[in-house]
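The next part holds the structures, each set out as structure tokens.
You will see chain A twice below: alongside chain B first, and alongside chain C after that.
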Partner chain A sequence: MASGRTWHDRHFGYLFVLPATLMLAAVLVFPAFMTLKLSLTPEGGKGWTFTLSHYQKAFRDPVLLQTFKNTFVFVAWSLAGHLTVGLALALALNQALPGQTFFRLVALIPWTIPDVVAGIIYRWVLNPIHGCLNPLIQMVFPAFPAEFQWLSSPTLAFPSLIFANVWRGYPLVMVMLLAGLMAIPRDLYEAAEVDGAGRFKRFIHVTIPGLRTIIIIALALDMVWEFRRFALVLTMTGGGPGTLTEVLSTLVYKTYFQFFTFEYASAMAILMSAVLFILSLPYIFLVGRER
Partner chain B sequence: MNIRVPGTVMRERRLEATISYTLLALSAAFALFPVMWMLSTSLKSEAEALSLPIRWIPQSPTFDAYVEMWTLKPFGIYFWNSTIVSGLTALLSTALGALAGYGFSRFQFRGRTSLLAFFLATQMISGVLVIGPYFQLLAAVELYNTLTGLIIAYVTICLPFAAWMSKGYFDSIPKELDESGLVDGASRFQIFCRIVMPIAVPGTVSTLLFGFLLAWQDLLWALCLISIDEKRTVTLGVAFTVGEFIIKWPMLTAASLIGSLPTIILYLFLQRFYVEGLARGAVKG
Partner chain C sequence: MKCFRMSLLLLFIFVTMVGFSSSVSAQVKIRLQTWHWNETPWVNSLNDFMKTFNQANPGIQVVRDDSRYADKESVFIAQSQAKAAADIPHFSYRAIRHLADRGYLLDLTAFIEKEGGQKYLDQWDPKAMEVCKYKGKIYCLPDDLNPLVLMYNTVHFKEAGLDPSKPPATWGEFLDYAKKLTRAGRYGVGIIGARQEGLFMRFNPWLWGAGGEYVTADEKRSALDTPQALEGFKFYVELLTKHKLVPPGVIEQGAQEVRTQLAHEKVSMIITVPAAPGIVQAINPKMNVREVMALAPVPVGKKKVTSTWFSMRVISSSTKNPEAAWKVYKAWYDKDSQMRNFKIAGVLSSRLDVRNSPEVKGDTFARVFSAQTPYVKLEPLTAEWPKIGDAMITAIQEALTGMKPPEAALKGAHEAANRALGVQ
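Now for the complex of A and B:
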């Protein structure tokens, strides 16, 4: 009975996974190869003639190099912000205090706002004349310049954007860490207390090791998301002033859909994906090893 | 041994609670402040929104902006489009993802492990890497500027998550159920539809929610695949309103708030399932 059934089972296994596999191949994998091919095609060229000129151009393009740097800075500060705010709130929310549910729901609000809307909110909050941040700062520091232009400032536009992204993104890290905290067995804390460990020691020796894996996973997933962040940047700063807040996804989008230099945009997209892949290798190995 | 006076413990607890509450109150202000400013603006007349010095709370609250967004701008159509796209994305990605998840969970076919890794790897693909050629493909089959082209893209993006999530769920359902179905002479597909899937319904909440929210919140795909007004989604409509020469802030903030409302409500009601699913999916890889 076994051999006939096994063949049958295999057969059906393919049928079940076929629709999803075909869609992934058609919508994501095939276009990814088209992009790769296009990135090697001479500008306006057709068929199978290849060139590396777009990549040579890319390595000498100051705007692209600046944008790579911007993206790294954007991702690094966003992750740092998400982890700091997320961990602090996860710890505060893990104490079964009265009113905890209310605070948890409120802390989740920024996560529920679409990126487009988050960008618009911050544009309006930071509006130099009619926004509310400048008056608020002036209430505390009367010397603060009136009509301060946050998003046109070469020094402060980028920090403003990162601030908005920290606001938008910390809840996801927070809930993952909260789930991690809840999974730490109570008796570990009790055992540490019996051994004479104080609060701080218990945090260092029980909480942090217990959260280690989930922190790495949360940061790895967050890195992939922040590396690709698009709508927030586009609606809040549009990459400006100049190209000072441009990130890779907005640059590729503009090069392809606004400047119509398809081949060069493809080369940039390939480089972007290659870097993201390299950055996520440690995570892939980690997950592979733990399975 | 560590013996402590009860009073010290009490004081320590109180200090901890005070720190926590301060932190929570600050974070609540941090989280809500921008949203409240938006709410306040949406309830102002245009003149009041631009009056100086700024008013924190509207002096004469009005719903004009909420009326304008439906009459001056076709936000009704945008909402309808977003609802169709998000609803179908949720249903289709959950159904196709469950099918694949069942296949991965129940059958030891050749190449299964590689295919699972492939599903995982496609999650790393950036939208901007594939959207140009996808746009060309859609144009070739005359699906450019259609909601169908948009839905196909969103469903595909959701599939790896949906497949992994439902595989995890199916793994927790005993295989003996399938066996008993086989003994009763049911086909593999009948077993999936009539026996296993009904039990797995609670597990679909997180994939439904994932699909709906992804489609509702996306801008990139809608921006590149839709160029005509009557096919725009809410996020696209809002994004275009902010790009206009003169921004009507009360109307824009009203539209933004209403546009966020479905996702806010869904998240707050269903966050428990979502978070559990996400944590489980993440831990499992």
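Now for the complex of A and C:
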């Protein structure tokens, strides 16, 4: 069959992907190349002179190292939260309940809210003077002095930020897991039930194995996104108190736009991209294997 | 017949659109970058300027290009790299040299020479003008130069048994007054702890007032390890940590939040800029700010000193219409416009004829601000200032939230400042 196709037939498809390829090159490849070039340019330098000094500086920078640690903590807790809340809600929304479609839509709302808006909403809610969370706690527990400084306290700032991020990001994991749950054949549950498996055993031996690939893909994708989370952190805490909630994306932003050290910030961004690439390898591997 | 009418209608729409687009394209659009969209008096002043200018200059249309206060530099940098920056952005003095070094600002020297050179420049405060000169070029004209003063609620003073005509003049009195003014649901002082440049303006009078400095005179080393610097630093943070005279959540409070606290009577005293009375009035229209509030110089420690809000417009080097941009720029800086900014927004111009005008000298509020001009001090103009300033904000937040004792927090800032300055 293939031998009947002309060269023109075989290559005609490339013409259709050309616009998208050019667009990707313009918005992705070109800026990435420019960032790489900038990261190798001496500070304030122009043209094609190169140096590795920004990378040497990055590996010795205690602030960058601490920020990497902060970012990993932020990503790890966010992923754990997304998986827990996402799976719980996916299981609940997979039940044949009245108003199922309505609840599925409601559960998706946080995903539709832009990061900046979510950040501002949480700032208002958590504000110790004008916010509504402290009065709400006070109303429910009148004897309890609810004077929490959610975003100003060194112990509460990071958990508050992670809570907001879990709320903001669980719907993606939920939707993927819900799709996975709907794809698990009912016969498997019925067979397990006939064999005497209770709810918990059915969950462990049928649901989890059925979702395994989707969980890995969802977490791998989520990890990449959370690693880049920017606007929520910037609007909620700006990296504070001190640098306690500083993450890589906000540090790169600060180094570039506030310190005016474009070259060093570019080196940080390249290192961040390298880490992201390594972290996304399981996803790439899995997708490749599925094909 | 129907088809003929339809053709006529389409022809009419086409001709109208072509005519409209050609009339629009004949007009040069000049974008004025501003972050004042949530400060009503400023918005009124800007809108009035644009309306007046656009009416007088049909060939040029000035439009607002809004950004967030905290993002003004990042927006401009990103746009500049794409050669699409606003024609006339607005920055504080801290950013000018950095942006000039990167080639994002237009050298105005040639335009100024055409206007008369030094004679033209003599209209502005010479000290303020110096900040606009860099490496033999002139990148801006100084705009508003606003010394910071103490603004306080006279009704609260009376309620606390304090005489509103005798505001606190020393640090000791300030502390004493703040304690007396603090009561259930109200705090004596509102201070800023948010990560924004407005923090420096409110913090600097205490650091400098104690005799402290950010860097040594040669700007080669950090000077944050002196007892004077620690004294000023401790005074600021202990208003919250030791004396509990400041509302909670201070590191979430920026300049506008603190003004809001004053407007809604959650705090009794703040350190602020000349635009504040108008902004406070806009936040709480029920309050008669001119009757309720009063102004006084910042209480004096070891040195009489204050900081300033000092800003300037610049012209982007990527402007496609430098001549038109200069025309708008010049109009912004003329006496009428600067006087308008004073009358509507309450800000003080660097133009000497406006600063020394009977309107400014006769205004109850403006004359207090204006009288502090000789005591104004600027932060170091070193290239490393953004990093030093950032380290200081980190230290202030660490001390305010109890993450570190003031001594340790300031030591961290000192070490970070020295790292930024390349001190081994």
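The definition used in the following text is that the second predicted complex is superposed on the first by the 274 of 291 C-alpha atoms of A that agree within 3 Å, B and C clash if a C-alpha of one lies under 4 Å from a C-alpha of the other, contacts with A are read in each partner's own complex, and residues count from 1 in each chain.
The rule we apply is simple: a residue touches a chain if its C-beta (ideal position, glycine included) is under 8 Å from a C-beta of that chain, and two chains touch if they have at least 3 such contacts.
These numbers come from a predicted model, not from an experiment.
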{"item": "Simultaneous placement of chain C and chain B on chain A, clash or fit", "value": "clash"}
{"item": "Partner chain(s) touched by A:253 [first = chain B, second = chain C, both, neither]", "value": "both"}
{"item": "Partner chain(s) touched by A:239 [first = chain B, second = chain C, both, neither]", "value": "second"}
{"item": "Of chain B and chain C, the chain that contacts the larger number of chain A residues", "value": "B"}
{"item": "Which of chain B and chain C A:121 touches, first, second, both or neither", "value": "first"}
{"item": "Chain B versus chain C as contact partner of A:129, first or second or both or neither", "value": "both"}
{"item": "Touching partner for A:97 - first (chain B), second (chain C), both, neither", "value": "first"}
{"item": "Contacts of A:108 with chain B and chain C, given as first, second, both or neither", "value": "first"}
{"item": "Touched partner set for A:44, first chain B, second chain C, both or neither", "value": "second"}
{"item": "Which of chain B and chain C A:151 touches, first, second, both or neither", "value": "second"}
{"item": "Of the stretches 94-102, 238-246, 256-264 or 274-282 belonging to chain B, the one that collides with chain C", "value": "238-246"}
{"item": "Interface residues of chain A shared between complexes with chain B and chain C", "value": "123, 129, 253, 256-257, 262"}
{"item": "Interface residues, chain A side, partner chain B - complex", "value": "9-17, 19-21, 23-24, 26-32, 34-35, 38, 85, 88-89, 92-93, 95, 97, 103, 105-117, 119-125, 129-132, 135, 167, 175-176, 178-180, 193-194, 196, 199, 213-214, 217-218, 221, 224, 227-228, 230-231, 234-235, 248-249, 252-253, 256-257, 262, 265-266, 269-270, 272-273, 276-277, 280, 287-288, 290-291"}
{"item": "Touch list for chain A against partner chain C, complex", "value": "44, 123, 127-129, 147, 149, 151-154, 238-244, 253-254, 256-260, 262"}
{"item": "Touching residues on chain C, where the partner in the complex is chain A", "value": "71, 73-74, 77-78, 98-99, 101-102, 193-195, 247-252, 261, 266, 386-387, 390, 394-395, 397-398, 400-404"}
{"item": "Touching residues on chain B, where the partner in the complex is chain A", "value": "1-2, 12, 16-17, 19-21, 23-24, 27-28, 30-32, 34-35, 37-38, 41, 49-50, 52-54, 56, 96-97, 99-100, 102-104, 106-110, 112, 115, 118-119, 122-134, 136-137, 152-153, 155-157, 159-160, 163, 188, 192, 216-220, 223-224, 235, 238-239, 242, 249, 252-253, 256-257, 259-260, 263-264, 266-268, 271, 275-276, 278-279, 282-285"}
